[in-house]
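In what follows, structures are represented as structure tokens.
Presented sequentially are two complexes of chain A, the first with chain B as partner and the second with chain C.
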Partner chain A sequence: MAAADCSVRRVIVADDDDLVRMVVRTVLEAEGFIVDEAATGADAVAANARERADLVIIDAHMPGLPLSTSLADLVAARDNSGAPGIVVISGDLYRPTDASDPTVGFLAKPVDLRTLLDTVDLFAVHPVGNGNGAT
Partner chain B sequence: MTAAPDPSPPLQPESLLRIAGRLAHVGGWSIDFSPLRTIWSGELAQLLGYPAGYSPDVATAEAMFPPLDRQRFSDAIDACIVTGEPFDLQAHIIDSAGDLRDIRMLGEAVLDEAGRVVRINGAFTDVTVQVAADDARARLEARLTMTLDSISDGIITLDNTWRITYANPSVAMTMGFDRDFLIGEDFFAVFPVGLGTEFAIEFKRALAEHTTVSVHDYFAPLKRWAEATAYPVDDGLAIYFRDVTDREVARRLLAESEERNAAQAALLDVATDAIVVRTLDDTITYWNHAAEVLYGWSAAEVLGSSKRDLLYPDPSAFDAASAILLVDGSWSGEIEHRHRDGRRIIVEGSWTLVRDEGGRPLSVFSVNSDITARRRIEEQNFRAQRMESIGTLASGIAHDLNNVLTPILISVQLLDRSERDESKRRILATVEASVKRGADMIRQVLSFAKGVDGKRVPVDIGDLLIDLRRMFGDTLPVTISVRMKAAPDLWTTRGDSTQLLQVLVNLVTNARDAMPSGGTLTITARNVVLTDESNVVSHLATPGKYIAIDVEDTGTGMPPDVLTKIFEPFFTTKTSGEGTGLGLATSLGIIRSHGGSLQAYSELRRGSRFQIHLPAISTDDQPAASEVRAADLDNASTMPRGANEMILVVDDEASIRQMTRQSLEAFGYRTLVASNGAEAIEVVESGGQQIDLILTDMTMPVMDGAATAAYFLRTHPTIPIIAASGLNANGGVARAAHSGVRNFLSKPYSTAELLLAVRAAIDADAQPDDTNDEVAHGDH
Partner chain C sequence: MQVLTTRAALGGPWAANGAGTLLLFPPSVLLVVLQESTTPFPSIFALVATALAQFTAGFAPVLIAMIVRRSRSTPFPLSASFSIWILTAVIRGVVGGVIAETVAGVPPEYALRIAFWLTLAVFWMPVFVYTLAHWELRRALLGELDAEVIRLSAEIERGEHATGALRDQLVATVRDAVSPVIDEIRRSLAAVAHDLDQNSIRSIGGRIAIVAADAARIVDNAGHPRRHHVAESPHVTKTRAVFFSVRLPLPTALLTGLLLAPLAIPIGFRASVALGWEVAVALVVVMASLALAFGARRLRPERSHGRGVAYVFVASILAGFTGSIAIVALPWATLDPTALVLAAVLPLGVGMCGATIGSVLGVAEANRELSERITLVRADIDRRAQDSDAEERRVREQLTAVLHGPVQGRLSACVMALNFHEASGDSVTAARTTFITSAVLDHLEAAAADLDALAENLR
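The block that comes next holds the complex of A and B.
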């Protein structure tokens, strides 16, 4: 019933490592997601501001904005349904203290394909204004 | 019966005279003047070697005298003829054999009625022997006088009235008089300053008591030290004086210097630095108390041995320093020494070349300060800083590596999804496994470098051990038998079970690797309460309730120098590629982050034991660790107390001696301590105190526990012995049991364990016949 473009699920992949962005894009596009890439926290926030995404996968260590600021901006930009969902991805063992918000997911690199897909499924939230609510 | 011999006819007076003449070597002679003839007695003829009855004519008789004496003889005869006076002549005569003899001739004129001399009668004596003796005496006297006159010591003789009968030049000079003047003078009249001195008192006693006296005293009037000996002689005293001022001054200087040396030696002995003196050929000649403490050898053991051989694991360092010392006269710097037990000691040495008066090198005086602890702290700080940098670097690299591995892992898994070719899928699986293994390694580095965060939820140690057993069930070689014993009512700790399991896996892996040819792996878990007093060996800061987990193997064990490093990051005994050297460092980090402790005990070729203490948490049916102290104090009143028994505590670790001693004394025992077996024997054998029990550590330098126990079991079988050891299965206890000790205490021990063991050992010993319990207890 909804318009075709409204039902499209959109993910922003923010990582300063080109290869990481590329492989995640490959996986998620294969799953039917539209993937936007960002190489900094500020780019990710801006991309979400242009068009609210279902999910932002954001690397914990990127040049520019500190993770806490990027996360605060993204959380502040959430709509009523809670979109975008947010997952922090990191080369460290544990979830950074900046990402203690329980509504934020965590992925430790190197990410297993299965874990990546499960986490995306769990945290992606379809924006209210973009279509028919939660996926 | 025999007939009595006939009495001999009585001797005639003439015969008697002849016999006397022969015995006394006296002959008779006479000269008749009308007619002129000579008559010799038979004795005279015999004396001069002529046949009896021989009488020469006058000319022949005169010719028997040498020319000078011939003249004197004929003068004496002439005088006698003219004056009729008798004569007494001493002369020489030549006997029949041609030998010169000393003779004495007495002559007396015989007158006729007209008063004319008609004959001379005389006696003749051979005085050769007397003359020779007189000559000898004269020579002796001359020599004696010359000697007495020439010696530098004083000789004086006094008669019974203190008159001087002889004074040699030395004594005359000392008294200040000409010696000729002194003879005949009263000694004290010419030398009044001598009165009232110790010398006068003693000389008077010598004369009065007729005894020999010796005096050694300062003679103030002359400002000299003198030594005098007075010998009583027939008519007074002979006194021998000697000026000993120089000797006395030297002796006093020596005594003062010895006193100073003793004071200095005492100072050297209280010095905290090791002071060693060695000769140039490297023989140790002095070794102060601090050196004994620092190096573990007593002075008696090392004096005479080579310092180079004794203290230097690397003699080239010693040789290099010695070379500089010989050139520059001194050397200072850091150098590595070796303790008796093999430990490395770093000292700051200051060596000086000692020279004799002629400037020739004599010996080397070394002062060595132990800076091992300081250096260790510096090294630890340095290592900590280095670790921090390495940690920062490693976590940066690990972070990047995870970024590198991410695309690989996901790509491989993506490819695997669509790949149908089995051989290609196997290749992909290999790549995936490798990536995951790499990721594991990175995780280890990160978990070490980042410190340990983790969950803090209640963890059941029993469950943890079940997980551990499951993990190792099939992977341990069959040559290793596993014993696992967990107390049924184990308390709970709070933490991250994954991390704790990681620690246990690490310890079990190490144990397995330490037993390449098999052995026994023992894992035990029990509850322990550590109080202030019982904090004996654990080094835990806080008293409380803990769960103790022991992982013990019967493997290769570790030498002390390895044991001290095993918790350092990147320290590994495994070959390159087999271990990261992070296992125990990470394990220690994890246990510490849980508020616990991890300790290691090891004995080479006997095995190792790792002990984990994890704090117990309060649950519904157990008090919190913080509540333990009050409860424990209540327990204190029920602990078995001593009855003033004397316990000898033998341990090389001062902190353990101290804590054990405090615990025992707090509970009614008296204590003595020793730091090794040899000292313990000295304490016991000195007999100063009756010892009621000996508590000995098993691992000690100089003389270990097994040897110590064996000695006492043999020499003092009535003194009970408790052996304490960190190792149970294969270590100290096994050896103690082998040596005959029946009481054991496992380290670390709590106060309660200590008191129970001590009480049990003393009581068991008091009642060798255990069927008689009640009687034996009757006096309590």
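The block that comes next holds the complex of A and C.
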């Protein structure tokens, strides 16, 4: 398993497929993350506003808000440290054009466990003053 | 747009051409008969012999020019073309004079004979060669148009295909490729659900990953725009090339008479002054008849399309007959052998001349219109091709979008669930395995149902 940061970090997993949310949540919790789930982009944005997450993993194709809008809201909500980190996860073979921002990560489904944990480790950013300590 | 310049027309292959020379054989025989009508040849065979000899000898410069042409890729300059025709005229005049002197024992009259053929070379050869060059271009253009029309039909068909059939084809391809595999995986997973070991999980996860990737690849690759190419232009008959509307009927009538005058009137005057005037009057009658015939034709333009040259030819023959009647029926008609020969050959001569002049005045314009039509058809093809490409892209994107959520998304979720579960190793409980198996089976079932409903979802 990847060596995720030892401090407790919060991840929001946004995917309209409950099986994906469930399995990602399971592995991240096993790695010591606090995981919140969201089934739409709007839920993910709201959850981030509430919880100030270190990372948002967001599916590119979900009902409701278009990806570009969700990403814009999440990027706008970033603090000085750049939290939350954002990773777009998609069944498309290539990175969606909406996620061309180089500060946004990309994972193609189906993603293997090693890649998922490495990417989470790379993009999770501690929000300033959330009490978890900076990475 | 293909444009044939005057130099390209008069200096091109038809300036010195075997087939073109052969085409000139019948009128040249008529002209020899006319020219020699006052020559006391001992028999008709001598007349035929002089016609053949003049024609054969006159072919020599054409033959040399044809050989020279083989090493050239550019048209002859106009001066070269006229030189060939003038040399041919001189040779014919000399050969005709020699035979007349030798066989009939009359003065050779070289100047007169050469002048006669020079008139033909200077006035008629350019008209003849220009017409043939444009007829040939017309055949090529008609072939091009036919090919473009075939491409247009194919593009129209593709346009219709892009909207409905392409979508059905894509859906069927995806369904045929993916559904059986999903069903098979479901059966395999259900069979080992109670005894699911790490290897089975890895194997089934790998197979689902492959089928998920296949679904994406099929949509990406299938139904790419296809362009229809017609390898070569369809064959166009020579007859079809001369089917075009003859314009400018009055100038056609006028020019036909005026260009016949330097050939026919001197022959009349050579026989007698009276016959000279008779021929002049006959040509005026011919011009008036042609003007009437062409004018009447113009009143019904809708019938002229496609049969212009044929009509002009027949109308000219009939007009020639009115000239023949004038020659033999005028109150002061001489009715000597030359007059009778003139009256006999005039209909055919006027027919050929009328058709040639009618062509030369109409064919360039007809070709320009044809060329414009080809350009329009090509533009239509390009526009339709762009529309079809856009429509095919839209259908693919639509299918990709529909596939992603219900089908690929579920398949990917299955793969991730199985892979993550397998990666958990020995720490997983039997209850967890049962839960994951059940969730994956539900997802596969849902993916299969989504595939079945794919066509409906795209409507």
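Rule of thumb we're sticking to: the second predicted complex is superposed on the first by the 125 of 135 C-alpha atoms of A that agree within 3 Å, B and C clash if a C-alpha of one lies under 4 Å from a C-alpha of the other, contacts with A are read in each partner's own complex, and residues count from 1 in each chain.
The criterion applied here is as follows: a contact is a pair of C-beta atoms (placed from the backbone, for glycine too) under 8 Å apart; a residue touches a chain by one contact, two chains touch by 3 or more.
What you see is a predicted model; the values in this text were computed from it and never measured.
The superposed arrangement places chain B and chain C in clashing positions on chain A. In the superposed pair of complexes, A:Gly91 makes contact with chain B and with chain C alike. In the superposed model, A:Ala76 lies in contact with neither chain B nor chain C. Counting contacts by the rule stated earlier, residues 17, 19-20, 22-24, 26-27, 30, 61, 91-93, 109-113 of chain A appear in both its interface with chain B and its interface with chain C. Taken in their complex, chain A has these residues touching chain C: 16-17, 19-20, 22-24, 26-27, 30, 59, 61, 90-93, 109-113. Within the complex formed with chain A, the residues of chain C that make contact are 208-209, 212, 216, 220, 400-401, 404-405, 408-417, 419-421, 423-424, 436, 439-440, 443.
On chain B, the positions that touch chain A within their shared complex are 395, 398-411, 413-414, 417, 435-436, 439, 443, 446-447, 450, 453. Here chain A touches chain B in the complex through residues 17, 19-20, 22-24, 26-27, 30, 61, 91-94, 108-114, 116, going by the rule given at the top.
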